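Consider the two complexes below, in which chain A is the common component and chain B and chain C are the respective partners.
On to the complex of A and B.
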């Protein structure tokens, strides 16, 4: 089975991965504020921050090119609004919006790709995020894997009988068959989800997924927060002044 | 002496109207291992799901002196360790160690203590310590089964329920699992179609048909009576 790349990246063992999730969340928030509130020389600032984040990805031994490419997933959405701003006669604002969105996505990706989701959610919980929302996020995450597994199994079964996605294109009947397959995927995923829930209940699950990790905010985390927050803000002021 | 499991007149009907259990009576004594046999859809899995309150039908189900009711579920689920047919359904945590420690953390054990006990359970299940940090979905079928059982054994249950434990396992893995399981001190209930596997672990078998237990006796006798081939020991 193929599994989500981000999950694999987040299971690293570098110093960045070992940082307390709260340190990374605080640094992320401060970086996002620095970027979002910047008004002057935004493309240059965004470029500098992207370089900073790329260095962070190298430090965490996460493939930089892969991370840069994945962050670009936000561009189609950002480009829509950037295009509107451009058409409204404010191209600078449009460009600013696009680069801010891209670098923000890159920053979020940095945190997500260096922190396993359960640990990240524990960090958010420790910072006062609503537990209910976090539990929903964790279940969504687990069931995302489940749907992915079921989809891969169905695809393999279909391929074994000479079906392929390419063959479905442009053919209404086969498109309908693909719709049916989606419905089956939903039912299969639902049934497997019920089995997993039973297995969880059988081991005394009472609504909260526990982890073995213990959040301990150490000097190393404080140093990380100070440096990773100071650098973006310093860059912002220096770039604006120049 | 109080039996570990006492079931009287158990009935269960699924939401779609299918009658799965039509009056099951069963008793399991301490240290006993029993194979649950019978054709597909005869009610074996539905029956074992009642033993720790995952399903609740009509009738009396008593585990270690505790009636299966909502207020006793916490205690009962510590006493009955259930290993599901598909290990993938049971392994849902990001790493093997976290998965084995899942139940321990749920009952309030501190992370360090839970991790230490999970490591002991993994070792008892024949998994090397290096496996603790691996993702469960990267394991082989045999390893997954062992991790799933380790997750249950870590809870130190009095009764071990295994639903089709040989599913997805090759013959050497089946033999290895049988040897290991037969050494465990817990009472065992094993849902299986594999007569060789049943005979390797259990002396007694019950045979389900249409939601009822229709026979109870030694494994070879039950297999012979219902015309189930007594398969030879799995080859290498």
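On to the complex of A and C.
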């Protein structure tokens, strides 16, 4: 499944991977704000930032083409609105919407593909995000693929019993059957959660996942934050002025 | 091997949730919604933590994963078209509104980070639309009528309202941000939202009916709310506000700038006077002379005002624990 790719990318050992997650989060936010608030020459600025991010991907030894393709996941939504703006007689705005959302997704991808998700969530916690919410997110990610596989199995089982969508008749029965399948999946998930909880209690879980403290903010992290936020903002002003 | 037709059926899915990516919303819109989302989501998370005690975090996480996985099970809508569950309302019926809001926020965060579905700066907007407004709109009808004769209608109406309110909120945020949509497109999207809402209602009802058969007692009906007159009234007023706001957005999208046009036709606009001069008129800070600086200052001041209002409301809501 495609998630494995992102997990594999994030477990590299380059200098970018070793940076403090907080440094990457701060830089990401500053870059996103620089792009979101830009009004003039947006396509050119987006192109420059995309080049910068591509250089970042090379530095982190993450496949650039793969990353560019993955960020395109945002394009169906963005392209629809860009097309509508085009038809409404404002092609410049349409193009600006599409490139802004694509480069923003690329920037998020840069951080996620160079930081394992648990480390990233720990960084967010250190920056004041509610711990409870982050723990829910962490469990969600941990069991996401397991429960998705279960749903796939149920789908395969239903298909094996000829529950295809090819027949146009009997919609009502098939609708009810799909409802039943999801109810079963819900109960199974609920029970699985109870089992996980019991297993964790047996391993002395006290309501909080113990984590190793994140490293101290080093000079390298400070240099990264300063450079990676100064360059996009400088590009933004220079591009707008030219 | 699935046939090409089967593949097509899988692809032609009614897209029922609008996750706004970065770059679509105007700065004052995303900034204000981020600041509004922070205290509301933090309050919901704290409430969920109290209700569920911290050691049951796995349950919320696993049910969040369930909502993701549920999107793989397709429901037939018509020839060649399928739909899937969005899940906010189902979570609020089974976990309660606070925990449902926390799980929905976690889902949105994972979708934005791992699946590039929805933006990071727009996370506040998406959280307000789906985790706060969507969950509340879904829960209120169920809390009011979910235990009585109208249980089925309450489940259907709650789930439908949840999807409709989130979609309309997203649509109005996009329109306020200046994303252009000609009238036919707007009409088509509203029609699609109505279909998705009805579909979500039917799917949630089918699941809740099946759940009642295989595991009775899964639904959490708030008996305190059903008994207390004051809470009931507050819930009814909130529900009425949400419904009226949705109807308002529907009408406004059918006739954009209707009020201004009416004013021009009746000649009110020419005789209009501003009674109170506010310091942030037309999103500009009047006391600053530079154009860009005054816009930025007005934006920041607006954001700060919204934040203070949210904080104050959050405090009041935290004190009044009856709802």
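Heads up, the rule we're going with is that the second predicted complex is superposed on the first by the 186 of 242 C-alpha atoms of A that agree within 3 Å, B and C clash if a C-alpha of one lies under 4 Å from a C-alpha of the other, contacts with A are read in each partner's own complex, and residues count from 1 in each chain.
Keep in mind that, in the parts below, a contact is a pair of C-beta atoms (placed from the backbone, for glycine too) under 8 Å apart; a residue touches a chain by one contact, two chains touch by 3 or more.
Note that the structure is predicted; figures quoted are calculated from it, not measured.
Novice: Is A:11 touching anything from chain B or chain C once the two structures are fitted on A? First, second, both or neither.
Specialist: first
Novice: For A:181, using the defined touch cut-off, is the partner it touches chain B, chain C, both, or neither? Pick first, second, both or neither.
Specialist: second
Novice: What is the contact status of A:210 with respect to chain B (first) and chain C (second): first, second, both, or neither?
Specialist: A:210: touches chain B, not chain C.
Novice: For chain A, which side has the bigger count of touched residues, chain B or chain C?
Specialist: The larger set of chain A residues in touch belongs to C.
Novice: Between chain B and chain C, whom does A:153 touch in the aligned arrangement: first, second, both, or neither?
Specialist: neither
Novice: A:116 in the overlay: touching chain B, chain C, both, or neither? Say first, second, both or neither.
Specialist: In the superposition, A:116 contacts chain B only.
Novice: Between chain B (first) and chain C (second), which does A:189 come into contact with in this model arrangement: first, second, both, or neither?
Specialist: In the superposition, A:189 touches chain C alone.
Novice: Once the shared chain is lined up, is A:69 touching chain B (first), chain C (second), both, or neither of them?
Specialist: It touches nothing on chain B or chain C.
Novice: Considering only the touch criterion stated at the top, classify A:200 as touching first (chain B), second (chain C), both, or neither.
Specialist: both
Novice: For chain A, give the residues common to its interface with chain B and its interface with chain C.
Specialist: Residues 3, 117, 142, 192, 196, 200-201, 205-206, which sit in both footprints.
Novice: In their shared complex, at which residues does chain B touch chain A?
Specialist: So the residues of chain B in touch with chain A come to 49, 52, 54, 74, 77-78, 80-82, 84, 86, 88-90, 92-95, 97-98, 101-103, 105-107, 111, 114-115, 135, 137, 151-152, 155.
Novice: Please output the residues of chain A touching chain C within their complex, sorted ascending.
Specialist: Where chain A meets chain C, its residues are 3, 6, 28-29, 32-33, 35-37, 70-71, 73-74, 77-78, 81, 84-85, 87-88, 90, 93, 96-97, 99-101, 103-105, 108-109, 112, 117, 120, 130, 132-133, 135-144, 146-148, 150-152, 154-155, 159, 164-166, 168, 171, 174-176, 178-187, 189-190, 192-194, 196-197, 200-201, 205-208.
Novice: Within the complex, which stretch of chain C touches chain A?
Specialist: Counting only chain C, the residues touching chain A are 2-3, 5-6, 9-10, 19, 21-24, 27, 30, 41-42, 45-46, 48-49, 53-66, 68-70, 72-76, 78-79, 82, 85, 90, 94, 102-103, 105-107, 109-110, 112-117, 119-121, 174, 178-182, 185, 202-203, 205-207, 209-211, 213-215, 218.
Novice: Would you mind writing out the residues of chain A in touch with chain B in their complex?
Specialist: Residue list for chain A touching chain B: 1, 3, 7, 11, 116-118, 142, 149, 192, 195-196, 198-206, 209-214.
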